[in-house]
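For reference, chains read A, B, C, D and E in written order, and residue numbers begin at 1 within each chain.
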């Protein structure tokens, strides 16, 4: 039941935010903050009290589970389940959600209530994605988060040129994800009906479909349907077109959520659905996926170097980083997948921080164009240093979580695909190039205008300290995190490795 | 010959028809807008209430059939009619001229639709279809003093009559070949290899019905009539007319095996694909909301044709779910249009610019329109999602991958313009044109809109009772 | 004399139907268009009667009756609309009513 | 009998051609009446005298009178200057070809499906038809009645003359 | 006890860095300096304490397990042995002196807190690098020093060029680091561990000597070392790195960080011994670097660039030593080099500050009277650099290297070393003469402000000067026990002869320099002014054109690529459906022209097509 509340609370909070607008401008902010902190607190309590070594076996497959029938006609259930990975990601959602509320504290001054409604709906949808186990329910949440995100971008985005660009960006975001989502729906339905023909049971249940007997010719296409849906969201080149625009136009909170959480739903989906449902096909597909990952790493990095807009730069950098995640997921190595999880968490922190920083910068100098910056190191206290920290994190500086994630990915992948690792490693250099280019253009060089700008206030400082602390904490001692997810990752890796055998007799 | 039991089965139709007569008498005696509306609404409600009774009676009047499909169709027709009647009152309040005839025409149209969904004979099919269309000419052109309404009326009349001629000729061909007009007998008569006459007749029939469904290439009247017609009339077109005609098409295909021939199915597939793509592509940049909904309906009928092509046990259920979700969403959209415009202010407020920033002065209307658009787009948590779910499921089950692809691509294109509408509602920029003020409409309208909004949401979140109901009806229809 | 083949009756109907259709597409005056429609409906009615006589059944002629009913109804509504068209534009040209497009 | 069929058929076709190609409204109405009467003769030839009678009474009598009435009311004259577009093949070639192709297709279709049935002119009486109509078809007749009601209401509403004189002007200038 | 001392030695600088870093500018310059210098000073004391309590065996302990996934179990652990102690001593000892000097050097500079924060963080990272018991932790330090180097090179951020230099330094070393990282991947996959001790233990078991994998692993590690230690071909960043404050150059780009590569190879000696081909390559690269850099040093006009090339050249010596298997000689030279090069840099810094930030040789001169302390520092450091026999530390260490090269039979390398010694003499003399002798060539040089603070200015110079003499050489503990046996252990024959040879080379170099720069100055200037001499001068000045080469082969193509790809062609391709949809829309909308005739035609057309299709496809059958 607590799982159900985890999903419901953000939605209820969102409604309340909308309503509370009449009580004053601050009310929605506080309510939203409280809601997200609640989610965070619940997940932390679950984390602290959970025993992560015991689940994952047949006896107790999930840490927490809740299922009630929803649409019995099709065997659709509201089936929520929590394991280590979900828990980590939900905690992340709560944390970044709170950050998103905080970072828009001063940025959003119009239609505050409705803004927070959308924000919380997105987050509620994301929590749903991380918890849903029934395939249709998963798809439902997958789609539900799009609409409010669309509003966030379209209504509160940065109006670069008059109005239209942000709407275009939002539309593009929506269409990309929706199109891929429909493919996933088709794939889900195909899977369900194939299972129905072979077993006579119509169900969308994860457990049942895990053992579905799918003819070979069809299973590859179904797998591809899932993969494309996740690939668009991750995003994998060439499906990345929505991301830079969406990031560039979204309000800070939107970017934080997009980069910090929404992209992670894709990797989560791969780990939870695409691979366990189709281990053999995934294995066969792995070379392609890895190649796409490598292309993403390099291509994203090259494009990041060419950007003038800070947020676009970070967006392309995200594409590059997610390439590592893709490689890891399809390497099938436990170490790499664990690394991918660390990298996801790390990327959530660092990209969120960078977006928040660029938002703070925008509040101060009202531009995101790096050609109009320069020499800010002397003009703004503290923030440049923080920026450098997170850029260092983003380029994979050891001691930060990003380093650990990337390196675990590469260590884990090297055994099975050394060539991929060699090429992907070039991403380490390229990452350094774009990160430092940004530093160079923004904070180094001549001051374009004289005069000191305001330093961070307590809110901004607090957010940054928390993010720095977490980045370092995960970077230096990720073991608690890894222990949490180990029971989830190991079976996936085993499944992947044992892919060809499985068809024979494991089930 | 009609027996008493048959009359019970015909009860809804009879009630609606007598209400029409009552309204006519009322008009002759003394004109009263509110009274007429009240009589209409209560007549329709009574008919709806009599449905369970009618369905319980084992009636089989000649030329008609009362099976699950008919019951489903009747219910949908009556619900739509009820909604339109309720909304018309406020809409027509500002109309200068006689208003009562509109209700009379509406009731006639509903009668036709009720007959259509239950027709088991080409004669009933034909006369009901005409009974459905004839009042619509009047309703579309009701406000004939505005140019658009007149234009829409003329276009609809002429093209519809031409389509009727095609339909009739098709029927005549089939009749000439088989000597039967009754569907079941006809089906028996054409058993065996498809004959060119039958195929030709079926194709011509398809032209006639396709016109009413606005299937490409018989679609071109749709946007113009949607845009020009009075909003309630357009709503009838979009809901009652579409669903009744579709159900009868489905019945034809299910009953007569000739429609199951590969050639015709291929043809319908092609038309379906054309409609999906064409409708959506046409709507892309459409600045007029009613017109846009017209184009959108083309696409939706394209999706719905998948049901006809795939058939099978799931088809009826899919039809019910899809039609209802589509109708609810359409009612939501047109409800808002009706609420915002009114003939008192000349032409309908149908340009998108009328709706700019609607959210900021009437949030509930905007929310309803948003919900409707999302539902039409098939986004989860709205009714439309389950429609889309069903239709894709059906396509997948039937392994009609081309059609599934068409639905997916069509939906994606569709998103573009639905989103365009939605975002317009929320824009607030300096110097923007103020939308038409929300005229103080009556409580009935508000209640109707509220019910629609709640249904869209409820069907999106917990559709189980509805699905079970439809599945039950579909089961019943299959038995017959 | 063995009677008239049914095909011939139908072909006559088809010819009339096509002529009506041609009139529908060719003429710009609403009066002519309405008359063309009458021709088309009449052709369909003819086809029914042909069927009816070939099968020696009354049903086809009952259909014919319905078609006439419809033709009458449609003619009345169409003429009423035409009068409005004339009143507005002082012309029966259908291209006058082409404001809505796109 | 056969001769009657083919002759009146020919007349009907020719009259229809005259209808669609003429320019005078009055002539057109007359052509149409001729065509309808010819079709009525066809009905007689086919052995459907009741249909033929109705064709003359209802169609040629009632409906056409309506047309004539409207033509008179609006005081329509032959289009004084022939439509210049009419001379351009681009204008009429497409539709005509289309109709022609459709005709050919339909004829081919009918030719393909040889029913092999002939019409021997056996009479179907008005009684048979009446029994059908007021027996099982009763409901259809009722529906047709409502259809006529709807048409009546529509025609009476739409055919309404503009009440105040200024109303039309306002409409015209808008 | 010893572990506590070790811990303190690197935690103190870390604490200093954290306090300074998070102070947010609230600390004054004094407090910053106190914390910055104090923490390193205390670290130096802690190191001394560790030295005293060191038992002679290597000792390690683990703070916590960093990551534990399957076999992958790198720890947060340190190991202390003689080698790391030597390194620690250099880092904290020399580091402390440099910090102290920086107080004088950096006085009045805005952003001083940032400076000390970076410096402390650097000391911490460097200590982690040398203390790490596993390669991943080593990598942490390795990257950490790179980042600190970046931050400090770009310390004067207002100047675009500094930013570029910092950027270049980071990217070039990062390129090397990627090779190191790949090396780590390979080692982990092959040996199943990253623990240095275990790696050295496992390597001979898993890999045969000279096997491809072993060579590959060693090669990849070498790649990392080349980047960090500025050896050919990844050396181009070092001269530019002189954009940072001079204490930074002294600490990072002379004494410690740049020698990390030497440390790494020495640390992984077992691995390299399995890869003789790579060992040979190390020697070659060392020789190449020392010669190239020495020539380049001859033709620089900027004091610090001369010293930078000199550093590169000296590290070339160390690599040469590594290449011939004389690991302890390399470390020995590393130590003495740290002393004398730090001294040279600090002295240069003293000159630069005194002469109002003038560091162009052609604008200095005649300063020896006015800046006696700096002059003394230069003399002591320079003497050690040219390895003046017997009295300098440099002599002992360089002698060791050359001897090992010869004794191991690498005569080519030995010859290169000798040539280098001659060249070293040349450029050192040129440098000292240029700064301190002759006529002052600018107002800045005419009116210097000599350094006056005895504690912050004189003391570091004095201590380093002393360490640059043979005293420094005495301090060397001898690392024979740490490393595998040296090639010369078998025989000592010919050592005396060799020493004469080496001494001769040094003296010859000095003599040549004296002759050239004092007696034939004018002739030299004329030669350099035009013709072949000028071309050579340019070639040397531009350090053999590596920058231009890289610019043309890497940087420009890269920039072009970035510019071309900026518009995201793949994405534009994905927009194609949208374009198609737009076109279709335009076409279809045109069909919706409002004309009833058109509508009728389209409808009839549809019906006709259907019927014609029907007749065509079905007609024949019936």
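The criterion applied here is as follows: a residue touches a chain if its C-beta (ideal position, glycine included) is under 8 Å from a C-beta of that chain, and two chains touch if they have at least 3 such contacts.
For each chain, UniProt lists the protein as follows: A = NADH-quinone oxidoreductase subunit M; C = NADH-quinone oxidoreductase subunit K.
As the structure is a prediction and not an experimental result, all values here were calculated from the model.
Of all chains, the one whose mean C-alpha position sits at the greatest distance from that of chain D is E. Chain centroids computed from C-alpha atoms place A closest to the centre of all protein C-alpha atoms shown.
The mean-CA centres of chain A and chain E are about 37 angstrom from one another, to the nearest whole unit.
Our note on geometry: chain B versus chain E, Cα centroid distance of 77 Å, whole angstroms. Computed centre separation for the pair chain A/chain C is 64 angstrom, with centres defined by C-alpha atoms.
With centres set at the average Cα position, the gap from chain B to chain D is 30 Å. Across the assembly, chain C contributes 6, 10, 17, 20-21, 24-25, 28, 33-34, 45, 50, 52, 54-55, 57, 59, 62, 66, 70, 73-74, 77, 81-82, 84, 88, 94, 97-102 as residues in contact with two or more other chains.
The multi-chain contact residues of chain D, meaning those touching 2 or more other chains, are 95, 98-99, 102, 106, 109-110, 112-115, 137, 140, 144, 147, 150-151, 154, 158, 162, 171. Shown for chain A are the residues in touch with two or more other chains, of which there are none.
Pairwise, the chains that make contact are A-B, A-E, B-C, B-D, B-E, C-D, C-E, D-E. Of all residues in chain B, only 122-123, 126-127, 130, 134, 137-138, 141, 144, 147-148, 150-155, 157-158, 161-162, 164-165, 168-169, 171-173, 175-176, 179, 181, 223-224, 227-228, 286, 291 touch chain C in the complex they form.
By the touch criterion given at the top, residues 1-12, 14-23, 25-29, 31-32, 34-36, 38-39, 42, 45-46, 49-50, 52-59, 61-62, 64-66, 68-77, 79-84, 86-88, 92 of chain C touch chain D in their complex.
Residues of chain D that touch chain B in their complex: 106, 109-110, 112-113, 115, 135-140, 142-144, 146-147, 149-151, 153-154, 157-158, 160, 162, 167, 171, 174.
On the side of chain D, the complex with chain E involves touching residues 94-95, 98-99, 101-102, 105-106, 108-109, 112-114. Per the touch definition, chain A reaches chain B in the complex via residues 70-74, 110, 136, 139-141, 143-144, 146-147, 150-151, 154-155, 163, 167, 170-171, 174-175, 178-179, 182-183, 185-186, 189-190, 192-193.
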